[in-house]
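What follows are several structures.
Two complexes come next, and they have one chain in common, chain A, joined by chain B in the first and chain C in the second.
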Partner chain A sequence: MAAVAARALEIDCAGRPTREINREVKRAASEGTEEIVLLNPGGRHNLCVALFDPVTVKVRGDAGWYCTGMLDGATIVVEGNCGWGVAENAMSGLVEVHGNAGSGAGATMRGGELYVAGDTGSRAAISLKGGAVVVGGSVGYMSGFMMQRGSLVVCGDAGEALGDSMYEGRIYVAGEVASLGADAVDAELDDDDVGFLRGELERHHVDRDPSSFRKVVAGRKLWNFSKKEFEVWKTAL
Partner chain B sequence: MLQALHRRGPDSTGVALYGPPQGGYLLRARTRPNGADGEARVERARAAIEAMATVRELAPTPAGVTATLTYEGELAALADGVEAAEETLDVLSLGRSMQIVKEVGSAEELDRAYGISSFVGGHAIGHTRMATESRVDTLHSHPFWARPFADIALVHNGHVTNEHKWRRRLEQRGHRFLTDNDSEVVAAYLADQLERGEDLDEVLERSVRELDGSFSYLVSTADGIGFARDQFGLKPLLLAETDEYVVLASEDIAIRAAFADDDIRPREVGAGEARSWQR
Partner chain C sequence: MENGPVAGARVSGRVIRPSHIWSPEVIEDIQEKAEIGRYRIRAYSTLRRTVHFEDLTFVPCTLTRIPLEGYRERCETRTMIGGRHGAEPIVLETPVTIAGMSYGALSANAKQALGWAASRVGISTTTGDGGMRPGEREDSKALVYQVLPSRYGFDPHHLQMADAAEVVIGQGAKPGTGGLLLESKMSATIAEQRTLPEGVDQRSPVRHPDFFGPDDLQIKIEELREATDGRIPIYVKIGACRVLEDVKLAAKAGADVIVLDGLEGATGASPEALLDHTAIPTMPATVLAVRALREEGLEGEVNLIVSGGIRNGVDAAKALALGADAVSIGTAALIALNCNKPVHHDDYARLGTQAGACHHCHTGACPVGITTQDPELSKRLPPQEASERVEHFLNSMTMEMQMMARACGKSDVHDLEPEDMRALTLEASLVTGIPFAGMDRPLAL
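Let's look at the complex of A and B:
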C-alpha cells in the first residue's frame, strides 16, 4: 500500500544543513505534498533549488543566494528578502519575493515568472531567455544585459545601462531610466504591450497604469558586425 | 554575524571596536610568534611602549598587550618607535576610542580568546578573511588600521588592482605599510584624505572613481561608518537601516544571525554607491 503524503508540511531550517532541507523538500514534493512551509530560513543560500514538482513552498523569512535556481514547475513564495541569483535558470513555475532581491534576479531564466515586490540589485534579468521578471520597485545597474527573449517589467526606476547589448525581448519601465545601454532603444507601446502589462500588474496587485510604461527593445545594430558602424561597436565593447 | 560568515572567510577574523573615548590613546600590539613568551613578552612590550609614551594601564592579551597611554606627538613616530624598540612587536591599532582585535582562526576562537562579545560600544566593523593574494597571518588579516591615523579602520572584500599606484604615492609622502596587502593601502588612502579635512562622503565617492578593481569596503572612524562599492558591483554588500541601527554585511545570513526577527529589508547597495553615517 502506497503511503499517503501529507498535504502540508512544515520544515524548521534552524540548525540543519541546507542539503538535507532541500532533499526533504524534493522528496515531499515528489510524493505529492501540496504545500511546504520553511521556517527560520535565516538568509541561507541555495534553498529550493532544482525543484521539479508542482508544489508550493513558502519561505517564512529571508532566503540567501541562488534561491529556487533551475526551478521547473513549482511555486515558491519568499515572504522576506532574497539574495542574488534568485530564480536563476528557471524553466517554468512562479517565484514571488515579498521583499528585496539581490543582483542577477532571474538571470538566464528560460521560462516561468519571477515577481519581486521590492527592489533588486544590479543585472536583473541578465541574459534572460524567456519568461517574465516583474519588479514592483527599482532595478540596479545593467539590468536586462544581453537579454535574448522574455520580458522585464520595472514598476520603479532602472539604473544605468539598461538593456545593454540586448538581442531581443522587451523591457518596460514605469519610473526613471538612469541611462540606456549600448544598442537599447525606445519603442512605441502598442496594444499588445498594454494588455500584457495589465495582466502582469493585476496578477501581482500592482497599482500602476499599464499605458504609463516606457518600452525598451534591441536596436539590432549589434546583431551583425559592420565596419561602417565601427563607432557603435567601439562603445558596445 | 562573523561566525555566520565563517565559511566565506575561514582563515582569520578581526574586529575594530569603538567604545567611549579615553583621555589618552588606546594601543593594541601583538608579539610575533618568534618573540618572547609569558611574563617576558609583557615586560618587553611594556618597556618598548614606555620608551615612547607614559603608560597609564597595560594588560596582557592572549598574544600581546593592550595599553592606555598619555602621549603628545605624531602617532607615526609612536607606532614606529614602539616597533623599533621591540622588533617582535607590531602595533595593531592606535586611537582614542578604537581597538582592533584580529587573529588567525574563526570568530568563535577570537571571542573565546578575547571576549569581544562582551564589549560595549556604539559601532564596530568586522571581517572574516579568505586570503587570495597575501599571507595568512595576523598582520595580513582585517580590519586594517589606517596607520598612523587615530581611530580609522577598514575591512575590504575584493581586489584593488591599482593599489601599487596609491601605495607608491603614500610612501613618497612618508607613509609606512606593514604588509603587501591592498586593503592596508585603501585604509591609508582614505584616512590620508580625511586627515586633510575632507568630508567622508566625498572621500568615499571619489574612491569609487580612483580605485580600480573589485571592492566592497567599510571604513570606520571615531564617530562614524561608511561604505563604498565598485562601479561594476562585483562584490556583495547589503544594507539595512532602522531608526535604531545601521547594519551592513556581505550576506543576509550575517544580518539575520544578529537581527533574526526584525522587520527589516536588507537591500543590495548599488554599483558605485558610497555613503556614510555619523553618530
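Let's look at the complex of A and C:
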C-alpha cells in the first residue's frame, strides 16, 4: 500500500483476504479519500460490496462475482472483465466495466448506472428496479426478465426472450433481437427516448445513432390474470 | 348455509350415495376451475392430514429416571443461534422465532404487534417480500432480514441494520415457486415499496436473479458477509424437499443457520395444488436435517430452525427432542393475534367461510384486520392489545416446552431427545426411528 497522490490510495490485493481489502477501501472512503486504485484484483469475488461513500475506485484488472454489489454513491471503474452480478442491487452511483460482464449484470439495481463496454451474459438487468444498465456490446438470453422500472440499453444484439414478463421499464436495442419474451412488446421511439439515448451514448462515447434503436416495453397482459388470454399465461407460466 | 348430499339419507325413497372419487369437494373444485379458468388460489397451509408431531408422545420420568419439579425447578430455554463463522449470534430467550411474513401479506398493525410481542419475549422476527417496513427495525429487538428471489425493496442499508440475514431458497407451502400477492392487497403503499404498478397481481420469481445452485450460493453468502463485515449470521431457508441433500449443500455453502420449512408451512397466497401436493412434512424433514448435519459433523455447529405446523409448546418440544435448535411460527402467531376469531361473522360469510375455517388471507378482506391493506379492516387489530395476546401465547409455548423437559428430567429444553418419546403411529415410528408405543425397539423396513 502506498499513497500515490493527495487523497488517493493504492491497494495491492495480491495475497490479501477480500474482507481486509474491502475494510480498507471503506475506511479510506469514509475518511475522505477521493480515489482508490486496486492492483492485482485477480478475479476475486465480492470486491467493493456495499460501498456507500462517494469515492472513485479503479480496479486494475478482472473482478469476480458481485463486484460493486449493493453500491450506493461510489464510482467504480473495472479496467477488465467482471463475473456474475456486477452492481447487483446498486442503489446509486456509477459502475463502468471496460471488458465483458457475466450473467445478471445490474440485477435488481434500484438506481445508479452500470455501463459495460463489452458484452454481458444472460439476464442482464433482471428484475431491474431503477437506474440504467447500458451495454456497449450484446446481452444474453432473458435480459430484462421481470424488469420493474429503469432502462436497459443494448448497443449490440439481444438474446432470446428479451424483456420476458417485464412489469414496466424500457429496453432499447440497436442490433438484432433473437426473440421477445412473454408480454414484451415493441413501442415507438419518441423524442424523450432519443434524448435519453443520446445522453447515454455520448456519456459513454458509443458511436451509435440514437434514433436507430428499437424500443421494447411491457405489454401489461401479465399484470392481472385473464382467462380469456390463456395462451399468454400458458407461455408465461 | 347450503348443505351437500348426506350419505345414507333418502330422497324420494332412494338412498343418497356420494362417490369417493367424485366427492362433493371434487365436484365443487372442478366447477370452480371451470368458472375462473385457472388453478385455485388460497392461503394458509395444506388441508390434508400429514404425519405430524402429534403422532409422538413424551414418556416422562417414572422409576427409571428422576423428573424435575414441574412448576418450580429451573429449566433453561435460552438459545444462541448463528455463531458458526464468528458473527454475533442471535440470542433467543426461548427457542422460537417469528417466521418471515411480509408487510403486504400482513397489515402494518399485525407486523407491529408481532414485533412488539417478540421483543418483549426476547425472540426474533423476520421481514418478508418487500423488505423492511418503515418502523420495523424499531419494533423488533432482534430482526432477521430476508434476501428473497424478488429482492422487492431490498436495501443494503437495511441489511446492515439487521441482526441476521436469511437467504430464502424456498418455503414449505410452495417450494419451487415464488411468492404471490394479489391485486386486492397491492395498495399504492405496498406497490411503491416493491417498485411495482399499483393493483397488479404480483407473481414473484422463484430463482434468485444472481445465483442458482449451491456453489453460487456460497459466493452470495460471502457477499452478504462482506456487506455486513461478517457481523451478522447468515441463515438459509429451504422448503423441505430433498432434505438430506439440501441441508448438506446449504451447510457446505456456509450457512450459519438452516431454516427448514415443512409441508405444513403456511402462506398468504398460493396455488392450492402446491399447498397440498408439494414438500414433505416438518417432522420427517427435521429427522433428515439432523441426520444430514450429523453425517457432515456439523450438528451443533450449524443451527437448525424448523417450521411448518408448529402449533404450541408441545410441538416445539418434540421438534427440539428430534434435534432442532429452535422452531419458527407463523400461523400460530397470527391465530394468537386474532386470526379466525369468531367475531365479525358477516364478513366471514361474505368470503364464503366461517370463523375457525377461514383461509382467505389472499383476498385482502381479512375480517380481523391481520392480512389486509384495507385501512378500515386494519383498525380491527389494535397493535398493543394484539401484541399482548401474542406475548401471552409465546409465554405459554415456553411453559409447555419447560413442562415437557422437566417431566423428562431435563434442566434445559435442548436436552430433550428422541429417547424421551414414543410413536403413536407406525408411520411416525418409521420416519423418526422412535419405537412405536408398546414396542421396545424402532420399526425398520
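Following the convention adopted for this analysis, the second predicted complex is superposed on the first by the 231 of 237 C-alpha atoms of A that agree within 3 Å, B and C clash if a C-alpha of one lies under 4 Å from a C-alpha of the other, contacts with A are read in each partner's own complex, and residues count from 1 in each chain.
The definition used in the following text is that a contact is a pair of C-beta atoms (placed from the backbone, for glycine too) under 8 Å apart; a residue touches a chain by one contact, two chains touch by 3 or more.
On a predicted model such as this, the values are computed, not experimentally measured, just so you know.
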Discussion item. Let's test your reading of the overlay: on chain A, do chain B and chain C clash or fit side by side?
Written reply: fit
Practice prompt. Have a look at where A:G140 lands relative to chain B and chain C in the superposition and call it first, second, both or neither.
Written response: first
Worksheet item: Once the shared chain is lined up, is A:N224 touching chain B (first), chain C (second), both, or neither of them?
Response: second
Worksheet item: In the superposed arrangement, does A:G130 touch chain B (first), chain C (second), both or neither?
Response: second
Worksheet item: Touching A:R149, do we find chain B (first), chain C (second), both, or neither?
Response: second
Worksheet item: Between chain B (first) and chain C (second), which, if any, makes contact with A:H45: first, second, both or neither?
Response: both
Worksheet item: What is the contact status of A:G99 with respect to chain B (first) and chain C (second): first, second, both, or neither?
Response: first
Fill in: Between chain B and chain C, more extensive residue contact with chain A
C
Practice prompt. Considering only the touch criterion stated at the top, classify A:G159 as touching first (chain B), second (chain C), both, or neither.
Written response: first
Item to complete: Enter the shortest inter-chain Cα distance between chain B and chain C once the structures share a common frame, rounded to whole Å.
Response: 6
Discussion item. Show me the chain A residues, by the header's touch rule, that chain B contacts in one structure and chain C contacts in the other.
Written reply: 45, 64-65, 84, 103, 123
Item to complete: Please give the residue numbers of chain A that touch chain B in the complex, ascending.
Response: 40, 42-45, 61-62, 64-65, 81, 83-84, 99-100, 102-103, 118-123, 140-142, 159
Discussion item. If we count contacts the way the header does, which residues on chain C are in touch with chain A in the complex?
Written reply: 36-38, 150-151, 154-157, 159-160, 183, 194-197, 199-201, 203, 205, 209-211, 216, 219-220, 222-223, 225-230
Practice prompt. Name, in rising order, each residue of chain A that touches chain C in their complex.
Written response: 18-19, 22-23, 45-46, 49-50, 52, 64-66, 69-70, 72, 84-85, 88-89, 91, 103-104, 107-108, 110, 123, 126-127, 129-130, 145-146, 148-149, 167-168, 222-225, 227-228, 230, 233, 237
Worksheet, complete the sentence: As the complex stands, chain B meets chain A at residues 232-233, 236, 238, 251-257, 260, 265-268, 270-272
